[in-house]
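Next, two complexes with subunit A in common: one pairs it with subunit B, the other with subunit C.
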Partner chain A sequence: MKLLKIVAALALTAQIANAAEPTEGGTLRLIAQPEPPMLMLGLNQQGPTQFVAGKIYEGLLRYGTDMSVLPGLAQSWTVSEDGLVYTFELQNDVVWHDGEPFSSKDVVFSLSKFLPEVHPRARGVMGHVKDITAKGANTVSIELNAPFPAFLQSFEVSSAPIVPAHIYEGTDYRSNAANETPIGTGPFKFDEWQRGSFIRLVKNDQYWQDGKPYLDEIVFNVVPDAASRAVAFETGKVDVLRGGDVEYFDVQRLAALPDAETTNAGWEFLSPITWIQFNLRNEPMNDVRFRKAVWHAIDREFIANAIWMGFADPADGPLPASSPFYKENLPAADYNPDKSRALLDEMGLTPDENGVRTTVRYLSLPYSETYIRMGEYIRQQLREIGIELEVTQTDVGGWAQSLGQWDYDMTVNLLYQYGDPALGVERAYVSSNLVKGSPSANVSGLDNPKIDKVLSEAGTATSTDERMKLYAEFQQTVVDEAYFGYLVRVNFPTVYKTKVRNLVGSAIGLNDTMADVWIAE
Partner chain B sequence: MNSPLSLFFGNRAAVIALACLAVITLLALGASLIYPQSPWKMVGAPFQPPAWGGHLMGTDMLGRDIAAGLVHGARVSLLIGLVSTAIALLIGVGIGAVAGYFGGLVDDILMRFTEVFQTIPSLIFAIVLVAIMGPSINSIVIAISVVSWPSVSRLVRAEFMTLRRREYVESSQVLGLPGWRIMLTDILPNAMAPVIVTATLMVATAILMESGLSFLGLGDPDMISWGYQIGAARTMLRAAWWMSFFPGVAIIITVLCLNLVGEGLSDALNPNLKRKKP
Partner chain C sequence: MNRLSYLIGRLVKGVFVILAIGVLAFLVIRLVPGDPVAVIAGKSGAVDAEYMDNLRQKLGLDQPLVVQLGIFLKGLVQGDLGQSYRQGAPVSAIILERLPATLLLTLSASAISILLGVLAGAMAARRRGTWADSAIGTLALLFYATPLFWMGLMAILLFSLVLGWFPAFGMVSADMRYEGIRHVLDVLHHLIMPMTILGLFYMAVYARLTRASMLEVSEMDFVRTARAKGLPESYITRRHILRNALLPIITFAGIQAGHLIGGTVLIETVFGWPGIGRLAFDSLLQRDYPVLLGIFIVTSAMVVIFNILTDLLYTLVDPRIEVNK
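After this line comes the complex of A and B, so read on.
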């Protein structure tokens, strides 16, 4: 009954929102958590950077909440019959924030020079490209070596931000002074950044979409403590809470406030999966029986319902259920500690007088209370089957550092999917990505020629049926081998004040430009 | 004249506090008997209020028994309080005794050294030390000891400075006894009264400091403690008060009792300073 009422109320507000004309002006107050290291999106793609810089920079394409391809800086595009030539028609009358005109020259520079040098994901994608040419001021043509069906998914703003050639061409990109005052084409311009306090963006009056943006400015407050962030929302100091800004038990409470609404939309492009990451180079993690023992010791329903407060679903494989390539009915990792004990017995890891079979290091991921609780849960569950975890506490930077240098036994990690498995999933599994330095490369040391082959074929196959078959094989293999301990697919609820309209309009949700967002008075 | 013992037991508040501490100590010692399972074990549904579903003080966000955490946490709190105080006393009495007995240049050097430690705010210094060494029960004990010995050394130095002029000390010196022997057998026993009182209060401070460190996430990740329980539950205070309430009460009672006992001891050992009862 209560649910019905909420649904009815939501439907009603949706109608009102649709009926009302956008009003101009106002300040949207958000939270940058944690504070981003920089705002030059081409050089840094961490979550907070994507969130803030997504208003300053734009990509060629955007993606709807149903993952449909939408125009961005490109107003239209065509793909040749053989899937080798992509032609993008750019928007007219676009100018950079410093007043210089935007043209196909900037696109060619970004895609062929800037991004391949500094952006790991874009470098992978651009490896498929044979040639990029400007055909006139407003047309760019890209020719591929071989068909790459995920190519149209690769132009989201954080995957391929378009940067100004007149500022960066011929300079050292990483040390360019303009990185401090980013220049993009987006609806909001960089204005001021007081480190540790706030970042302010102001309206771009010359934005190429007439009449937009509606907001005068966007302020990102830096509030380091989750409880203070919840209070800031309650007292009206901020208008929007992103998933992860407040702890999950607070989401329910804040969502029930009379002037607040909540949505799970806007994470379709990233659809993160949380997993236990094993270092497959080290004993005993190199034994599939050990990894399965860990798998069976963990109740993913409990993690989803108790630790994530229901804002997550148990994950049974490497792909999100929303992916078109998701394989159903994978042998679900059932929660059965007796199976775990049997597997460990079989390995010859017998308990000593204290019930300890083996001790491994566990690198704690300190993103939020939720991750800390998850670590405590995993440690206790493994203790029950005789695996003792020696916990290393660290900060986020230390965690990324240890993981990037492969100096860990087990940890928990979160992987963004970036639309197509060839873009977001492949990187954690293929041997070609066994590179040190980044926590989102293949840091587990997975080196299986069969997986390399299947993924490479699946990435370049042109028929969707063929890709389905190959990705099904991939999913089956990694689940059989339990290379990762898949835990949950995380839903990041956005809680916002009812007066904020059109907040989530695409698959990247709050990371998008916010050109359409307006505040009702 | 009343003996210190009877003076102490004449102080009702101190006796009650001592009994309370005895109960807490018993609970801590018997933790494994009362709750044989690990306090980290998830024994029931999460977020159960007190006495709901058979858990006296309810369960926390992972379904761990709060009461089990409380008695196991008592162990950690008392252990850290006692051990770190013992170490601090060892350092503080040693340095203070040498400085006070010999005086002069030795005194100057040792006191300047002590002042270096006294100028740094103790909790912040402890946080830095634990952060550098990595959170573990050893590093916490070391950190608390390092920040708490200077006050002891000051106190002991003052006592030694007055006592070394006494006739019985001078007579020992005339007899040619070595300095260490005079310090140990003649002066130290007479300087112990204020040190014992200080030590009691130091245990209380150490427990508070350990709770503070655990609250900030710098506790030993393998040991449940009161500070950890509060730190983990504080953000849920409005949703589940019992999770931080009971550990908070435990800290208050323990620290209060230690202070009362300390005061009782002070009155008993220094009857001349005893305040007049109304």
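After this line comes the complex of A and C, so read on.
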């Protein structure tokens, strides 16, 4: 018995030692799904591109899982008291993958020329900038037109990747031949890409963080079928499954494998939320009573537990619960079909002989089986209260076009919130973003001067208390008016082999550099 | 000489067929709802109108459809298939990179399906009405009727997950960096499952076709004459029946060869095989029109070429057929 205890203690000590001391070497085998169209992160920010290229390129800053600001290519930063001037001190001894030295020139070029031309999100953020100047080789100073506190949340690698000026300056960025062999400053260098098969990155021996990265190689396998991806993990051909790689009904089974672990961390920056999107231009969606009727017909607990298999929480409003601006105790959208019926009665929408009060079009979002099931559930629930959905089936391309052309009545959408509400949330609510043609603009047709004003003030207020007050007002208004049918906040699960350590270390999770990841053999 | 001028005539006709298919495909693709710029914008988060207009202009999508068609045809005549919207690379390079994988899979699957299918069909015909005939017929029906992707998934579960004999996906072990003969063996190891599943489906067709065709030929007068002459049965089967029964099989093989190039989407998806079937599917989802059109052109060119080869093969198998008729 005593011996057993000693053995157990030894094993525990070994485990602790193991956890504390990373070992070098090894290949991490991942899945890139779907295959990214390119790896030049400045030109393409699709999810898979961020995942792969996030190891090649770096941003000025990183963000912890608590959304704290961490050093990236900038080792320190200061913000002037009036909130107008941001000064970044860059890391020393950084070199590009082709051996050229990195300097403030690259940062100025990326932020003032490259990104505003080709990067849709950075374009918006850099619109706040009055002037960017290099103060010596290692310092960059950015002056804003007006205070914009979300600015410090805008430098994560996919939001503002720093690209090499010596390769791109004076060229046509999109057709530059170097896009095929991306050159960054990150811990891993591009090695080989056999399209349709795999992408391989290798260790950057000249990485500016001494002793890192630990891994020799990262291989991203292209495995187009979800069932095959599950088998690939089970047979040990890949080490990690990202959220969405396998259907949620498979996750629990795979997570229960003896050598597997699961985490929900690493989605704090994007904090995805799903909602029912109404086209507020059309009847009867323009009536708050109709929208509330839809709210009360849907059981969010059911969606979270039975459709997302527990990898989601019911959403009660527009902001993630992890946001510092999240307002607690918003009026709950309780599941109560009787309330729905009463509201529809009040509108004068009475049932015909088949029990149908009204018919609206529903544009199905075909991201995965889970979204299709969610659509089926919503249809079934609304039929209960007499709203008949006429479902349009299409693929993601068709869905995006219908949404961008405002040619829909109701659909389900997934929104990434990009850290600060001024960056990711505002775009869906303000009238200045009523842009036809873009599925990610304000497509619902929401045009409320009160919301415009509150969001504009909240975006520029320098005091956090003031911002909290304004965002609280915003949350109250949109929930009262039920402009969107908030469904669930998704906690995408990452399933990985126990031997993989330090996998998730920041708010962008698997999209981060992976400089700290190591494999315990 | 006859054969050469025939060949040239067929090739010229083939070029017009491909051009016609190009125009048709161009128009059909544009009928599908979906705007490539909206797809790109939808994946990028916030996008302003000016950005989208710029992108549309860069891709040439701001031009009237007729002008776009003209640009496409002009390029096509010059052998230029344009640039991919998504990857920014030349379409021809993208397709050429993926074509060998598809050819390896389809040609090897064709080879085993023809070989085994004709053998099985011949055996069933010779032993008509016996248990062997029934067994071959039943198996052929089973393989023919079972959906390919389902067979593929079941094979992965059995041979990868349970038995661990074959890899579940891909064409190479990317993490192993094999070279030379090890690399060839690695590719073969990955090839066996998708090739067999795809082969079994077509084998079933060949077996049924061969059996029916051979039974028909074996009723003919010249076979009866051969038997009356006292020739051995195996000789009659080989030299008289099978050779004459091959014509419909060659016809089918010609049609199927073109079909195979584009028809492997499911197998390529289930097994993660990096061929052009999957490239076509991905390009459709992404509304990457130039790549999609390029694949149509390449596939139709294959069909034209295989058809010409089939016709030439007829003349070798059956000397009574002349090329200029």
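Here is the rule we use: the second predicted complex is superposed on the first by the 500 of 521 C-alpha atoms of A that agree within 3 Å, B and C clash if a C-alpha of one lies under 4 Å from a C-alpha of the other, contacts with A are read in each partner's own complex, and residues count from 1 in each chain.
Here is the rule we go by: contacts are C-beta pairs under 8 Å (C-beta built on N, C-alpha and C of every residue); 3 or more make two chains touch, one makes a residue touch a chain.
All values reported here derive from a predicted model rather than from experimental measurement.
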Open item on the list: Under the superposition described at the top, does placing subunit B and subunit C together on subunit A give a clash or a fit?
Closed with: fit
Open item on the list: Tell me the contact category for A:A227 with respect to subunit B and subunit C: first, second, both or neither.
Closed with: both
TODO: Give one of first, second, both or neither to describe whether A:G437 is in contact with subunit B, with subunit C, with both, or with none.
DONE: second
- [ ] Check whether A:R253 is in contact with subunit B, with subunit C, with both or with neither, and answer first, second, both or neither.
- [x] first
Task: Per-residue contact with subunit A, leading partner among subunit C and subunit B - done: C
Open item on the list: According to the stated criteria, A:N92 is in contact with first (subunit B), second (subunit C), both, or neither; which is it?
Closed with: neither
Open item on the list: Applying the document's definition of touch, where does A:S80 land relative to subunit B and subunit C: first, second, both, or neither?
Closed with: neither
Task: First (subunit B), second (subunit C), both or neither touched by A:R121 - done: second
TODO: Quick one: classify A:Q380 as touching subunit B (first), subunit C (second), both or neither.
DONE: first
Open item on the list: Is A:G397 touching anything from subunit B or subunit C once the two structures are fitted on A? First, second, both or neither.
Closed with: second
TODO: Quick one: minimum Cα-Cα distance, subunit B versus subunit C, in the superposed arrangement, integer Å.
DONE: 6
Task: Overlapping contact positions on subunit A, where the subunit C interface meets the subunit B interface - done: 227
Task: List of subunit C residues in touch with subunit A within their complex - done: 32-39, 41-49, 51-52, 58, 84, 86-89, 94, 97-98, 101, 153, 156-157, 160-161, 164, 167-172, 174-175, 268-275, 278-279, 282, 284-287
Open item on the list: Considering only the defined contacts, which subunit B positions touch subunit A in the complex?
Closed with: 38, 40-42, 46, 61-63, 134-135, 217, 221-222, 232, 234-236, 238-239
TODO: Using the touch rule from the top, collect the residues of subunit A that touch subunit B in their complex.
DONE: 226-227, 230, 247, 249-250, 253, 306-307, 364, 366, 369, 372-373, 376-377, 379-380, 383-384, 391, 393
- [ ] Over in the complex, which subunit A residues touch subunit C? Could you list them?
- [x] 27, 29, 34-35, 37-38, 43-47, 119-121, 123-124, 174-175, 179-180, 194-198, 200, 217, 219, 221-225, 227-229, 231-232, 234-235, 237, 394-398, 400-404, 416, 418, 424, 427, 433, 435-441
